[in-house]
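A, B, C and D label the chains in the order they appear, each numbered from 1.
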Amino acid sequence: MNYTKSELMVVAAARELENDDSVLVGIGKPNLACNVAKRTHAPDLQMVYESGTIGSNPSSPPLSIGDPVLASGAVSIEPMRNNFNYQLQAGRLDVGFLGGAQIDKNGNINSTVIGDYDDPDVRLPGSGGACEIACHVGRTLMITPHSARRFPEEVDFITSPGYVDGREGRKELGLSGGPEAVITDLAVCRFDERGEMYVAALHPNATREEVRAETGWEIEFADDLETTPEPKEEELRLIREDLDPDEMYTDQAE
Amino acid sequence: MSKLTSMHDAVSDGVSDGDSVYLAGFTHLIPFAAGHEIIRQEKRDLELIRATPDLIYDQLIAAGCARKATFSWAGNPGVGSLPAFRRAAEDGIPTELELEEYTHFGLIAALDAGASNLPFAPLRGFIGSDLPEHNDNIARVESPFDDDYVYAVAPIEPDVAVVRAQRADESGNAHLWGIQGEVKIAGLAADTVILSVEELCSEETIRSDPNRTVITSDDVDHVVHDPYGSHPSYAQGYYGRDNEAYIEWAEIASDVDRVEAWLDEWVYGVENRREYVEKLGVDRLLDLQPDHSYATPVDMGAYR
Amino acid sequence: MSKLTSMHDAVSDGVSDGDSVYLAGFTHLIPFAAGHEIIRQEKRDLELIRATPDLIYDQLIAAGCARKATFSWAGNPGVGSLPAFRRAAEDGIPTELELEEYTHFGLIAALDAGASNLPFAPLRGFIGSDLPEHNDNIARVESPFDDDYVYAVAPIEPDVAVVRAQRADESGNAHLWGIQGEVKIAGLAADTVILSVEELCSEETIRSDPNRTVITSDDVDHVVHDPYGSHPSYAQGYYGRDNEAYIEWAEIASDVDRVEAWLDEWVYGVENRREYVEKLGVDRLLDLQPDHSYATPVDMGAYR
Amino acid sequence: MNYTKSELMVVAAARELENDDSVLVGIGKPNLACNVAKRTHAPDLQMVYESGTIGSNPSSPPLSIGDPVLASGAVSIEPMRNNFNYQLQAGRLDVGFLGGAQIDKNGNINSTVIGDYDDPDVRLPGSGGACEIACHVGRTLMITPHSARRFPEEVDFITSPGYVDGREGRKELGLSGGPEAVITDLAVCRFDERGEMYVAALHPNATREEVRAETGWEIEFADDLETTPEPKEEELRLIREDLDPDEMYTDQAE
């Protein structure tokens, strides 16, 4: 079957979700991944958005995390204070999607500045909900293109903590959970017992060399390195016909 | 007591140069009409506070109204970055822009402390992040009961908040449905509150469903009836987001000349929101209209 | 997933001897049926937590279920005092009753800390009062930003909460209107939640008005359909308070023999709430019925 | 005109309320007083109840502070957390009514225990909302029978602060506001510049001797001691016909 890298990334992310998960969904590919999961192996997936909508069931891809399709037909809508306190901080959310300009070896994420904070080369949007999502959900997931610029050994600024300086570092701060997987256009990366990112699976046709060239440190590969399973027909049909017919977030294969 | 007025008079009376201003609404019911009126009245040196600055703060910054942004996520939601915000923050164009930066949770907690008259609000936030080093209004506090800790944020109490809702009576009791965001606490935390609504309704309508009330008249100084006052953002049940406008802005805002032309046409060139809406035209409005979908009613009961 | 069960099974599965239990509802929607089921199942050594113990805790204490009361106002609302509570607190009859005492604000803040996973909640409370001397879960905390101070309360996280609402679907998403009290945070703070409702409704009804939802299915372990489950307190839009029962209890409860007789007749003598309601009789129920008064509907909009 | 002491107390309390006040109403006489005021000189009085109802307009006397007549037709209803934080603590309420078993020379109130806290002679209901009402409203009012037992020089237990050990003591705790008036069946008492209770007005037919006999310390009388104005016909009609026809909270005159 033909499929694009975007489609493969969405499907790989969908497979990270379990049926009973509550997930804090982001816009774009994360939203597609959650909806693919919900319509295939995870029908009970509870989708929560940063804007306070709980149990959303969007009729079309939301344009922002506050889109009206997330509110109409939701199970509940919370003011932001309640959503952050009672859902996120209280540990009710199992999974969260994060994005950022940089992610480092320990899964720390920078979405604040490139360069110096007070005199930035590039001023990025900032944390939004990301920092506390990274603190409080059980598993964080990232979907991001693979490039050396995006994968430095150490981020310029920690917006959202991953394993900080290793799993112990995270634990000492009183945080449980942590980064689970980073899904790129080349591979699925996970974190070892030290809290360092490694390649768990290569996408079909991707090579170790490509990954090494696009990663800012000497990334390790799993002994039992896998190949990312290809999308199934039904998953592709869902993306192309139901979830993203206008290819807003996926460049779809013919 | 009626507090009904025009947006012109509400902004002219309520907003002064140098004020801290919170235009509320998390992606929903953003007070665009109020922002444009602030630009038209050439208010200066404002501290713009808002979790998500969005297009409206980008426009205020581009028009030279701002000296400071207090925020937690400065982007064009679903589209990209805010060019005018970045130009001001990175290069001081058209004015230097001081930044006071939080996470969403931190900013909301600070607003809640302001609404609650508390000297700080605790949260398990900012942990492991570099943000606290760059903001003196974030501090670590130990638990008095065990060896646990939290971060605390200092209260935020804006001089002015502009809040929107679907309907209110003339004294300022407002029903809001859909995404609530931080509208309530922004109104409670602020000194002066301008309430702008899609529809005016009777006090009886408000009193028929008191659980729906998000803002009460005690906290409201001015009530403005401004249909489509949140365009190009949206009002649940009234209109959807005009995504074209969000995408267009990304291009326009990258070029200072195009920004000027846009402000001339859509802000300085119209007198008020009604003229702006007329300029949008019927076609565009119809495209944004949802079908009706009413909530199942509840029976409050009439007790003797 | 349906969680529908009987109150018998919900209590038998959810409540164990020695548990801390919060029967929620501030004067409104008090879980009387659940309290009676706890008495029938002879649960013992419970810590009863509740801002206003009301008649239901007086009955639980009189029946010998309690070892401790955590509370902020122990009275018969609008009538007088709670005789069984006083007998236990003053004279240890039928059991000694340990007291952990707050103000309403303090107790609600503690519950909110429990619901929020915070190590403490700050409030400007207890100031100038002798209460903090008698409760180790109240402590003074200094502001990290200035020389201001607050009191803090430690989190309250009950083992079990019983919460009521007017309607819910079978999976436990509930709409509640009228006085909300502490229902939401009691449910959020507790480990196990029993939800009891006046009416079952479809998930579509819940989803038609998400702003009305107070408890969601994730937090609910058991759903019980118990019409009139709050009698003699009330359910907004369904029935009023049966004031006679509140006045009668003041007399009955002053006399341990009369209490026994009352428990025999109204608790041990009926199998469940349905039998209790049958025993009340149609006349009494009709007298408590309000006229209909529907909330003005809102349009959520169907977006494509 | 004939009137009872209860009616006089209700009317005297009503006159303490101003048109723009937000008042935290209690059950019984305070509720009647507020409704008399609202229907006479204070039509804009905003009535808030501890149960979170705002702008209530009860069709009949509420049986408790959570009566459904306070919810139906209210302007807003807040969960308790919001009501305490945003209304009370944030200083939005001008006036509050308090009750208690004892009130002392400095207006401190005891509604917790008579005798020792850990081994009480009488266990009273406790604070409920009272302590923070006493802390945060601008003016507190009490309506209570006059008796030496109820008016000790010092309360057994401070549940709710008045002027603590004097106006300075209250100020040092960071509290503004404080007790405004204590309306008894004999007199209207107020607080002097030291924060000590004195008699500002005697009810018609009440004497200084009666007040002295029923007060637990040497209470002072105002130099310009007034006589409490009698209820007006309209006020009595409101109480007897509209607000408390069943004499639940007033023993009404023939």
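We adopt the following convention: a residue touches a chain if its C-beta (ideal position, glycine included) is under 8 Å from a C-beta of that chain, and two chains touch if they have at least 3 such contacts.
By chain, with names taken from UniProt: A, D = CoA-transferase subunit beta; B, C = CoA transferase subunit A.
Here the structure is a predicted model, which means the values were calculated and not measured.
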Intersection of contact partners for chain B (CoA transferase subunit A) and chain C (CoA transferase subunit A): A, D
Chain A (CoA-transferase subunit beta) and chain C (CoA transferase subunit A): spacing of chain centres that average the CA atoms, whole Å: 40
Separation of mean Cα positions, chain D (CoA-transferase subunit beta) and chain A (CoA-transferase subunit beta) [Å, integer]: 58
Mean-CA-position distance for chain D (CoA-transferase subunit beta) and chain C (CoA transferase subunit A) (Å): 28
Residue list for chain C (CoA transferase subunit A), restricted to those that touch at least two other chains: 112, 117-118, 123-124, 148-149, 178, 180, 185, 211, 236, 240, 290, 293, 300-304
Multi-chain contact sites of chain A (CoA-transferase subunit beta), meaning residues that touch two or more partners: 53, 67-68, 71-72, 77, 85, 89
Which pairs of chains touch, using the document's own definition: A-B, A-C, B-C, B-D, C-D
Contacting residues of chain B (CoA transferase subunit A) [partner chain D (CoA-transferase subunit beta), same complex]: 1, 112, 115-118, 173, 185, 188, 203, 206-207, 210-211, 213, 216-219, 300-304
Chain A (CoA-transferase subunit beta) to chain C (CoA transferase subunit A) touching residues, read off their complex: 22, 44, 46, 53-55, 57, 59-60, 67-69, 71-77, 85-86, 89-92
Touching residues on chain C (CoA transferase subunit A), where the partner in the complex is chain D (CoA-transferase subunit beta): 26-28, 51-52, 71-75, 77-78, 81-82, 85-86, 89-90, 101-105, 108-109, 112, 123-131, 134, 148-149, 178-185, 234, 236, 240-241, 243, 246, 290, 293
Chain B (CoA transferase subunit A) to chain C (CoA transferase subunit A) touching residues, read off their complex: 117-124, 137, 139-141, 143-146, 148-150, 152, 154, 166, 175, 177-178, 180, 201, 205, 208-209, 211-212, 236-238, 240, 290-304
Chain C (CoA transferase subunit A) partner contacts - residues on chain D (CoA-transferase subunit beta) that touch it in the complex: 27-28, 50-53, 62-68, 70-72, 77-81, 84-85, 88-89, 108, 112, 117-118, 120, 122-132, 134-136, 157-161, 164, 169-170, 173-175
